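Multiple structures follow.
Both complexes below contain subunit A, partnered by subunit B and then by subunit C.
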Partner chain A sequence: MELLKKNKRFEFAIFENLSLTTGRTLFGIFLGLLASGLLIALSGVNPFVAYGALFRGAFGSMQAVSNVLVRASPLLLGGIGVAIGIKAGVWNTGIEGYMYLGAIGAAVIGVLDLGLHPGLHILLCIVCAIVLSGCWGAIPGFLKAYKGVNEVTATIMLNYIAIYLTNWVVSNFPLVAEVGAFYPMSKQFQATARLPILIPGSSLHPGPFIGIILCLILHFVLNFTPFGYRTKMLGSNPFAARYAGVDSRKQILMIITIGAVIGGISGAIEVMGLKRRVFMEFVTGVGYESVAVALLAGGNPLGVILSALFFAALKAGGATMSIETGVASSMNSIIIGMCMLFVIGFGVIDNRKLKKIVSTDKDPENDIAAEKEGEK
Partner chain B sequence: MKKIVVIALVFIMVVSLAACGTGNKGDKTKEDMTGSVAMVLSGLITDKAFNQFTYEGMMRAAEELGIKAAYKESVTQDEQIEVIRQFAQQGYSIVIGQGGQFGEALSIVAAEFPKTKFIFSVGTDTYGLENMSAATVSYSHAGFIGGVLAGLTTKTNKVAMIVGEFYDNHRMMEAGFYAGVAYVNPDIETTSITTGDWADTVKAREASLALIAQGYDVLFPCLDAAGAGVAAAAQDSENVWVVGSVADYAAEYSAENVTVGSVVFAWEALGYLEATGKLTDGKSHIIGMADNGIAPVINTTLDSDAKAVYDAAIADLIAGKIDIVD
Partner chain C sequence: MSLEIIIDWLQAALRWAAPLIIVSIGEVYSERSGVINMGIEGIMLFGALTGIAAGFYLNSLWLAVIITAIIGLILGFAVAYLTVSRRTNQVVTGLMINMVSLGATDMIFSMMSETRKARVATFPAIFPSSMTNIPVLGKLLFAQPISTWVALILPFFAAYVLYKTRWGLNVRAVGDNPKAAATAGLSVIKIKYQTVVLSSIFAALGGCALSLAEVGYFSAGGMTAGRGFIVMAACVVAGWDPVRTALICIAFGAADAAQLRIQTLSSTIPYQFLQMLPYIVTIIALTIMVKRSRVPKTWGAPYDPKDV
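The block that comes next holds the complex of A and B.
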């Protein structure tokens, strides 16, 4: 009976905690929108009209919703790739590079006319993307795990190499590059290697749903498997994890490589579903945005779904906003930045409060001693 | 489970907010969309280059013709299709994609909206679609005029072209340049080099100094920001001249003392022509000298002989007597 009661209280605490973090996030977003509204007003546009256009651009029609989903696709996949890293205590900031490598991998197979069944061709492309991006991700993974190289530096530097590698592939690699193009790009993907469009007249490909499914799968992996338990243990206390017998090096290598593979799938889906070619510099910062997505979600896979959709809605709605109201296109990044700042700011305040509570309650004997001294 | 409930609640909140948004703006007055034009740009409309000038050309046309014009700047690769489709859905008659990276996205949306006209600006491919046209300024004409100016200037009879990288259009420009030099004097030695980077000023300067050391005394750069490096190299050397292209080198890089002239790409004229609706016939257009696609600026005074050669060259070019690809 006693145990049951405790259990109940325990669950209640989790719920309270979650609603606290969700509420905090929402309040941060609200303040971010408020502050950006002020800036929009300063730039001479009625913020209500601007936000009206933003909401219509994100949710106003089926088309708008599909735009949001299409934009969410790389953010979902990239976000979950970073998020599992956060859970293990590593910052896997190489999504940008993995996306390029995945795209190259998909293109090498995708532009060839192999006469295959579409499903098989797509599968081959994805497999090739996984292999290439996985190998790419294993480099910083190995460096971090076995040589102690900072993973942020390693992955960001590798991003540049991936960008220039892609530039070379799409302008000079004869198997893939389109010769005589006005902009460096690959040949068009074969019809059999393109992902199907789910709603005619939109660009909605299966990417966002694959992303959501992956988020759900990783949520279960993290919470209900030994692998996930080791990952979380490593993230919350690496020393304790090592003491408990976790092979932390292997675990880090695996986590970074898994992130890379998911990033590679993200890049492959982007070119096979949306762009139909690999263009020079086609990712344009989405890989870094997915770090922000994971950060906003606090590394929680289910949170990634929400925060990726939030980012995508702001981006898609922001485009409509600047088309219809003439707000500068940079306002979009400002809104996203403001929301992030406020959400993270609240996190800092909460942590401080927590520290205070912890430090005063840490040693009750001290308090007693202090009281006694006061009495004297 | 509770997490899912929270997520669902958030969704309901967001969607209901959206519903408020749509409710307020439901009765939007219908505007006259005949001839209306929209432009998607990869950069900012204040970049003092390519994007700004084409945009200004479109706005000039819109003002003169009294048509509705709209634009979206800084369109990244992941939003190209989405933004172009939005313009088509809103009923714009002409949608212009400004830059070589828009071709594929334009062709995808053009297939969905057969009644809307699409222009692939600074491109040549129409993807076989009737409602998609392409338009660009003539790189080979620019190269030819640059070649004539370089040929008239050189004393050592060695002239060189410097580009970031050879894309298709720069190959045409190179051929035009050689033809222009040969028009003045077939004995002049020519070469071309790539620096591998359109914006690396230091690299461009080093490459220029290497050419100058080999005796090349007229440099013909086709670069972006790196052009400043070529101008600097010429300024640091004796009797070396620059024939600029794309931008006006004398004004842009304050190199009046070494700049013979520049073949400026008239992006403004291109944007203007595109917005007027004259280029929407489903064909690929190259705007050359005859249509003011190239605007040569001359910073020195040519003597009467040289002036005669230059004028004859321009006249021949406009008349189509020069045997170069458009």
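The block that comes next holds the complex of A and C.
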């Protein structure tokens, strides 16, 4: 009973708000695009021309489509990392930090000439990325599960720490840092530690497909295994889960750590497949975007595939739009954020129905008992 | 460590803490009424940019402050409409507001390229410069810009309003037991709107204090660097009490000022590790204090008037 009371204090009401319907979601996206169009017009560019450039930049050619896929890679992996958190009722907003740690992990192994077989070298890099980002994610996981520290604040603080750690690694850490570079960056990855390019002439690496496979695996895990059942139970009704004997603390620690590991893999893939080096602040913004991806998908792993591809198309097209029409490049994040604000603003269906299902945690006796304890 | 260095450090600590304290006043009210306004990070950015832009184009600090407050008011209504009327998830709403603000301030700043080079006049000190010659206190307090003085006095006033006035009682009642408050005839929605809008106005003013009191310029790419989240952590650590929250903010300011000073004093520790200091302090403070603070009962939960 003591455990129940303690954990009750630091819970957000999540599920009432994640009841999105397809029609309202599409309407929200439409309104978001409309509002962003107004902003584009205010900045002095014809929004129809701008959106035309955006569409061409996303779907106009084979090259454009491969660009979309490349940009989808961190969003797919980040989105699924946040999504499993949502299923368990936690906001894992530390994707950016995990990506930095994963990239550092990959770089520590990847820049060394170990004379290994390429497959083995890549595998070692990924393993190192997983270990580092997993340890990093265990910090907010432990703090949330056992200390009651709000995970959003903890992960965002850790993101900033990770940024400075990366800055140090790429500018001062002797094993990894490129000496005398004009901008702080790591040495180039060895040829054996680079992911293969799938279509010659493009920059399409296996990252997006790894992301899609992970989404499918997690869909299976969430829906067809005891672990997934416990996770969903914890998210939809933490009290029922605890009565049913789910060790909620361990489960929360594991969920946040798994999200961190996926984020770490995402960071490793980004540097091994696309950038070839670790730069200072190379993933700015992906943290928030991953939350948007997971949210649009309603925390559903299969939905993550669709929403990540949608946002990746917006980002790839947005880059073309800003080159062709001169709209500021930060328009991307404005469009994504606006769409999501309208989706959550208009996508909420009658949540009183849902509340009745979830409302067992509002047991009046519990409230009175908690109050008494508070007075002491 | 000579006395001079310590005074210099404390003076900088107060200066860095001032924007945090101003933001924290509003956030305490908003969280006391049950709404976590996570958008303060983004609203601070808007405030910082508005302050600089208005100061540059209109060449008046006071007009800049007024316009910043108006921008905070508008954004506050947006946040309040979503979180209170539409009952959206407060975490997500805040994160998305931050995302849009980061992009929008960058975009607007890139359109105002002429403000980039110019330095805008910053807040003046309110005491005559002869008073800065007074030993210790002169440098520590009397040389401070007006924003620091506001930040030092405001928490006491805010505590008075929160604990001794009818409106303050209403705010606490709404946060702890909205149903009882509604039964007693209060408009829960109205009070939540008031606190959320108030917190957004203070967040914008805090951002303005950040850009106009200390540095005198705006820099793209998120110049607030997580300060909004540090303020939210300070509220939790201090148990949502205005004066104690201000003290915690000063402690964070001291960590910020310390890392800047150690950077110049010694080169043995890489500066990147020193830059982590305020964030590490925040996490440790949260971990130690979180179980002790008394949370407003409906903290973070949406309120539905039809829900009986």
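Note that in this section the second predicted complex is superposed on the first by the 323 of 376 C-alpha atoms of A that agree within 3 Å, B and C clash if a C-alpha of one lies under 4 Å from a C-alpha of the other, contacts with A are read in each partner's own complex, and residues count from 1 in each chain.
Operating definition for what follows: contacts are C-beta pairs under 8 Å (C-beta built on N, C-alpha and C of every residue); 3 or more make two chains touch, one makes a residue touch a chain.
Quantities reported herein were computed from a predicted structural model and do not represent experimental measurements.
Peer 1: Of the two partner chains, subunit B (first) and subunit C (second), which one does A:330 touch, if any: first, second, both, or neither?
Peer 2: both
Peer 1: First (subunit B), second (subunit C), both or neither: which does A:295 touch?
Peer 2: So A:295 only meets subunit C here.
Peer 1: Look at A:344 in the shared chain and tell me whether it touches subunit B only, subunit C only, both, or neither; answer first, second, both or neither.
Peer 2: So A:344 only meets subunit C here.
Peer 1: Looking at the overlay, what does A:160 touch: subunit B (first), subunit C (second), both, or neither?
Peer 2: A:160: touches subunit C, not subunit B.
Peer 1: Of the partners subunit B and subunit C, which touch A:284 in the superposed model: first, second, both, neither?
Peer 2: After superposing on A, A:284 lies in contact with both subunit B and subunit C.
Peer 1: Look at A:209 in the shared chain and tell me whether it touches subunit B only, subunit C only, both, or neither; answer first, second, both or neither.
Peer 2: In the superposition, A:209 touches no partner, neither subunit B nor subunit C.
Peer 1: Check whether A:227 is in contact with subunit B, with subunit C, with both or with neither, and answer first, second, both or neither.
Peer 2: It touches nothing on subunit B or subunit C.
Peer 1: Under the contact definition given at the top, report the residues of subunit A touching subunit B in one complex and subunit C in the other.
Peer 2: Correct list for subunit A: 14, 18, 171, 284-285, 328, 330.
Peer 1: Of all residues in subunit A, which touch subunit C in the complex?
Peer 2: 6, 9-14, 16-18, 39, 43, 91, 93, 143, 147-150, 152-154, 156-161, 164-165, 167-168, 171-172, 284-285, 288-289, 291-292, 295, 328, 330-334, 336-338, 340-341, 344-346, 348, 351-352, 355, 374
Peer 1: Would you mind writing out the residues of subunit C in touch with subunit A in their complex?
Peer 2: Against subunit A, the touching part of subunit C is residues 38, 81-82, 86-93, 95-100, 102-104, 106-107, 110-111, 221, 225-226, 229-230, 232-233, 236, 270, 272-273, 275-276, 279-280, 282-283, 286-287, 290-291, 294-295, 300-302, 304, 306-307.
Peer 1: With touch defined as at the start, can you tell me which subunit B residues reach subunit A in the complex?
Peer 2: 2-4, 6-7, 10, 14-15, 17-18, 20-22, 24-25, 70, 72-74, 76-79, 81-83, 85-87, 89, 99-101, 103-105, 108, 112, 122-125, 136, 165, 167-169
Peer 1: Which part of subunit A faces subunit B closely enough to touch in the complex?
Peer 2: Residues 14-15, 18-19, 22, 26, 51-60, 63, 67, 70-71, 74, 171, 180-185, 188, 201-203, 270, 274-277, 279-286, 302, 305-306, 313, 315-316, 319-320, 322-323, 328-330 of subunit A touch subunit B in their complex.
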